[in-house]
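These notes open a run of structures that come right after.
One chain, subunit A, appears in both complexes that follow, with subunit B as partner in the first and subunit C in the second.
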Partner chain A sequence: MSRLYPRLLSWHAKSLYADYRELGLPELTARHDTTHLSAVFVATGGDRVGAPELAELRAKVVALATEAGYPGEPDQSARSRFDLALARMLHGEMGLVPAEAASGDVWAFLSLVLLPDVAYWRYPGPPRDRVQASDITRHVFGRLWWRAHLVHDPSEQDPHSALTILGEAAFDQIYARRRALGGSPYLVKAILRVWGGLDRGGANEREVLRDFLKRLLRLAPFMCFEAMEDRHLDAELSRAAHESVQAVQAKKQQEHTLAAV
Partner chain B sequence: MSRRALPFRTPGDEAVKAQQWVLVVDGEGFELPEALPDWDYQMSLHLRNEVHVDLDAVHASTGLTPDAKLSLVVVWTATGSGLRGTAQRVPLSGEGAHTVELDVELSGTQLGGLLTLDTQLVLAESRETGAIASPRRGGSVLWTHTRTLYLQGDAPQFPIAVVDFEATQLPTDSAWHVQLSEELNTATMGALLLLVNERKKPVVTAFQNAASPRPIDKVYLAAAYADIARTMIEHALADPDFNHDSEYAEDSLGATLQSLLENLFPHMSVQHLRQRREQSPNLFATEIQAAVSIFEEA
Partner chain C sequence: MNDVAWYSQPFPPDGASAAEGIRNQLGRPELDLLTVLVRESAQNSWDARLSDRAVDYRIDYQTISAAHAPVWREELLREAPRTEHLPLRASLSAPTIDILTISDRGTSGLGGPTRADSAVTQDHDFVSFVRNIGEPRDTALGGGTFGFGKGIFYLIAKSGAVLVHTRCRVDEGFETRLIGCALWQSHVKGKGDKATRYTGRHWWGNNEGDVVEPLTGPDAEVMAHRLGLRAFEADETGTSIVVIDPEFGDRTPHEATSYLADTILWNLWPKMLPTANGRPPMSFSVRHQGSAVVVPDPRTTQPIDMFVEAYENMCSSDKGHVLESYKPKRVLGRLGLEKRLVLPSEPTAAASGMGIEKAVHHVCLMRTAELVVTYHQGPKPSAEYMSYAGVFRATEDMDATFAASEPPTHDAWAWQSLEGHNKTFVKVTFTRLKEKLDALVAINDKVKSPGAEVPLGAASREFSSLVTGSWGIGGGLRFGKAKPGPVQTEDEDAEWDVEEHETFVSTPSTQVADPAADVSVGDDGHQHREHGVSDDRTGPPHDTTVHDERPGWQSLAGTLPAAPPPQAPAARPKVHYVAEPYYDDRDGQVVLVQEFRLPVRGTQQLSPQLSILLPGNGVRETDPPIGAARPEFFGWENENGLFDRTSSLVVSGGPDIWRLLVVPAPDTVTEIGVAVKRAEVAR
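Presenting the complex of A and B:
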């Protein structure tokens, strides 16, 4: 059974975002709530989540944040650990279906009503898309749910194990190309499999990934990645990935040669 | 069947032929409609189709040989979730004519918005050698048949929430409000929300009956539809960057607004509509009533 979460309408999200601009974490904690007068639920599609369940969700998120140093300032490593743990928890326990998770208003409720303190701790002085969810691929919580969803493999002992293969910035490169590549969990998982076993021969990871994704985008109009079985898809992706490594190495070699001249 | 300019030879229309998709409900098949008005996430879709593949004709036109491994696949894409996946994959190889029975079950939790079903004949794995311009890469698409289906149709084209307007900043006595994102590149399902005031019981009832409306419901729905269309058109025209040529993602609010304008005002440029709205806003509002054929069904 899918669960329906309250949605915070955009003008209220804007208003709360403005209100929170000058507030510190203790004040944001005091402002948190499991309900909001103007929060709405869509009419059909599942069971509504009640206040006790929202309180439970909040407690779990706060516990994960505390493990990562909340309310103290986290370092990069603590932020990464928090994101990974939170991605697993949100995707594993919220009971959201993808069509519901595609709504920015659902995520705005979480970041501005239920968990404003944790949201602003993770992104101090956040730009609006981090908390208002005008772009879910950048939302403090929404991006993590989608990251977990795209790599989720129920046949694995740890269904979210692929979360650790790519760092956040690298994963964002795939997710930003959502229409062509990132909307297909089957393809995303294959990209991660191939990437995890790729020998980059010392070539810069970011440059190789960018070139690799460009090659896939060029192939997408006349290839159907989802049509192939795992091993054949992996073989095609590996071929493209190796071409990328060679291209990046050749480019670097050319730059060295030019610099020497 | 749709065609694209592909960098390899593809079979002609006579080589692969698909029948119409059938929707299976309680074991009984119905012709798949254009829209399913009362669909929600809890409703999975059971669909069947039959595709006739003449492998000899495919080989003759593509340069592939009978040892080539092909697959007939059904790939779905849903704009509501932004997801894409494989519904069925049937391996094909050898010679002669084959009739492939497709039988797919799509989980409602993955879907929403406009569902596209692409039935494709593909090269299942790569080939090192072959005739000139024959497909080589695994996954090469040789033939495609596309069918779309609107999940949630008629009135509820986008999410609806019934709410007490007293608890919002909206006027308490109003009946509905369309919330539209200013970011036209946002996915439509997340960028639109129709709020219906729970204090207006007849209107709430009309929306609840949208799948099988009574005559009185039709009147309310017709009035709401005309007003919602006007609100969306005004929203589009108020954005100076909005145009028919603006590039929006397929599932975005901008693309939905472009489609709405093209349907209601075919052959009219956005610039022309903007001028009409500025020069004579009252007449323009009335023209929208005519474009949506207000009260025609009521």
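Presenting the complex of A and C:
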């Protein structure tokens, strides 16, 4: 069922963000709340979540965060584990539909009203877009929900299993080309499928992915990826990916030869 | 047998049709004569089909062998009219005698009485074909309606004469019949009181009685055998029309037979498709001097296969559309459509004769008989590689209405000639077709340009002096011309790879990109840019003094590096792109060719502008994949095909057409543009 979450409109988000800049982490924990005077819901589209449910959501997130070592300073791998767990949890349990999740105000409410402490634990002294959701693909929670949504495959035993294929930085490369490539869960899933089975032959992952996506960008103007069947799409993507691997390797080799000379 | 001779018809006292009148009855068909021949004769064959078997339709072109030619000259010249009255003598006296035989088997043959005054109203095929003109058809839902179609046989006979060789059922079994018919022009024989006027119609046959009768039975079979005509089996019926000395226009006989095979495909393909019993209703073959000319299979030949698909869609209950008129409410017919991505290809001669162009966007119209009436041209899809084909078949109830709207050649539905409801029905059919086709073409084909098309030139002019480090005069020079949205670069990377993002820093020593550069997106997906002044990406560096002859800019640009000497305003060089780019090959290399003109006179410098387009509105690739192909400049050509391989070319403008040759990057959208600026004159 589709759930509607309270929305914190952008000017309120902005002023809260300004207020929080002066506050310490314990004070943020104290200021968390399940409601905000200015929060609004959209008129139609589902059932509104109540305060108890929000409290429950908060409890779950805080539990995950604590497990990861917050409010201490967990290391890089603990942070990514936390992100993955949070992505699964948010996407699996919030009951958001994409239209609702596309609204930055929903995420602003979560990061500035319901879970300000967790948001600031994850990104201490965060830049604006991490908490105000001016760019959802950067938002501390929003980006995770969308990552989970793009890879979500209900036919799998673990619908979110593909989350682990690409790291955050790599996923950002897909997000960066969202207008052309990242907007389509179908294509993103296929990219992940192909990427998961790709033998990079030792070539740099980031470099290959960048090159791979560039090749897909070239194809996008005249190829309707969504209209292709899985196996055709996979074949097309594999071809591009192998070209990238070869190109990157050839470039490396050339650099080696040059360096030797 | 000695009585086999020609007989010329004199004008009876109560008048008759002159040959000219009959020859002109077909009117001036828009289709060429060979196509009309195929359509009319196949229609005759179809109307004469027997219910229990498929019609075998065949066209043979052959030269009479040396063994048979003397017989032709002996038999067919007996009492033949003089050459000025009928060219048959000339045709038969030529070194070789050529004939074109259009034959059908599995048809009823020309049966019935052989005299027009027999009061038989049921089966009178023979007199209808040989003697009478303009008899109504008696075949229900048949293809023909006028009975004028046979005129075409005479029109393509240079000799003016045809032989009719037929075998039909008669009361006591089967009968073979053979008669010659000629139709040329009315003439007068003799002088003064003895002069007689002749209608120009002639018959060759048994002259014993008061009218020329066909040779029948054994006489006909013997004569046919002596002439070398294809014999009939004992229980076979059908008709062969032998056109003596056929007219092919500019075509050689070989080309003509290929063309006949092709035009059979385009006009009769519905008859080649298997029906419910698994067999096609008609089979077609064409022969040239005895060897078979292939009649293409419609299911595997582009672009006819699209029509076949559309036909099947029409027949299927879920994919077919029913076209109706609402006032009065009647079902007009069924429509099937098929839309595909197809590489445009040159239409064959027969296809272009039917009005088909490189890309198919036509609906094949047919009546219940399923003979192609015409290919009705629909709206052109906006994408070059998008084609669609449709098939519309009128319902049985409407058959008479549509038949009435056809001209004698059955190649159009002209509602203008009808009255009352019939007029409405035919007219509404075309309206409904248009609605369906517009809807078909409209899907996903609309490209919207983002943003308002508000000229911002005046505003940018106001701000131009605020930009330091470069000079400019704003975009406000060309008013009144809406521009599409701004050309973006691949900016989505910027967020992540700022260090890699290309930035252009213009210094006063470089000419900046022309702010008034005109960007237009062609409907083929290629973008054309029109540059008044060289773009700073590709333009060679120029000397520091910048000359711009556009009037009025001095007062607008605050940060101008140096005041130019006053100069008379001159027209800025422009590029006019001619048509769409096309593929060609040069030295074995496939190149993309863009033709253009330089309408402004004077010496000017050209440089190619090549890039790869990415998704989005005019987003160009700035950072290609490693080692990936990019479009490469190949050369310039003028109308004489002269080559210039230097990428920066200095030429003078004029009406000539120039060509820019580019090696496109495979599997990309390659953008081609030509930048032009006034050539720097050496100082």
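In the analysis below, the second predicted complex is superposed on the first by the 261 of 261 C-alpha atoms of A that agree within 3 Å, B and C clash if a C-alpha of one lies under 4 Å from a C-alpha of the other, contacts with A are read in each partner's own complex, and residues count from 1 in each chain.
Definition applied: a residue touches a chain if its C-beta (ideal position, glycine included) is under 8 Å from a C-beta of that chain, and two chains touch if they have at least 3 such contacts.
Model, not experiment: these values are computed from the prediction.
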item	value
Joint occupancy of subunit A by subunit B and subunit C, clash or fit	clash
Touching partner for A:F41 - first (subunit B), second (subunit C), both, neither	first
Which superposed partner A:R79 touches (first subunit B, second subunit C, both, neither)	neither
First (subunit B), second (subunit C), both or neither touched by A:R215	second
Partner touching more residues of subunit A, whether subunit B or subunit C	B
First (subunit B), second (subunit C), both or neither touched by A:S134	first
Partner chain(s) touched by A:E236 [first = subunit B, second = subunit C, both, neither]	first
Touched partner set for A:V97, first subunit B, second subunit C, both or neither	first
Partner chain in contact with A:K251 - subunit B first, subunit C second, else both or neither	second
Clash-bearing segment of subunit C, relative to subunit B, as chosen among 163-171, 379-387, 595-603 or 649-657	379-387
Subunit B and subunit C footprints on subunit A, overlapping residues	178-179, 219, 221-222
Residues of subunit C defined as touching subunit A within the complex	490, 492-493, 495-496, 525, 612-616, 621, 623-628, 667-669
Subunit A - residues contacting subunit B, complex	1-2, 7, 9-12, 37-38, 40-46, 97-105, 134-136, 178-179, 183-186, 219, 221-229, 232-233, 235-236, 239
Parts of subunit A lying in touch with subunit C, wherever the complex brings them together	172-173, 176-180, 211, 214-215, 217-222, 243-244, 247-248, 250-251
Parts of subunit B lying in touch with subunit A, wherever the complex brings them together	4, 6-8, 40-42, 71, 73, 75, 77-78, 80-86, 89, 108-113, 118, 120, 122, 124-126, 137-141, 156, 159-163, 167-169, 179, 181, 183, 186-187, 189-191, 193, 195, 207-208, 249-251
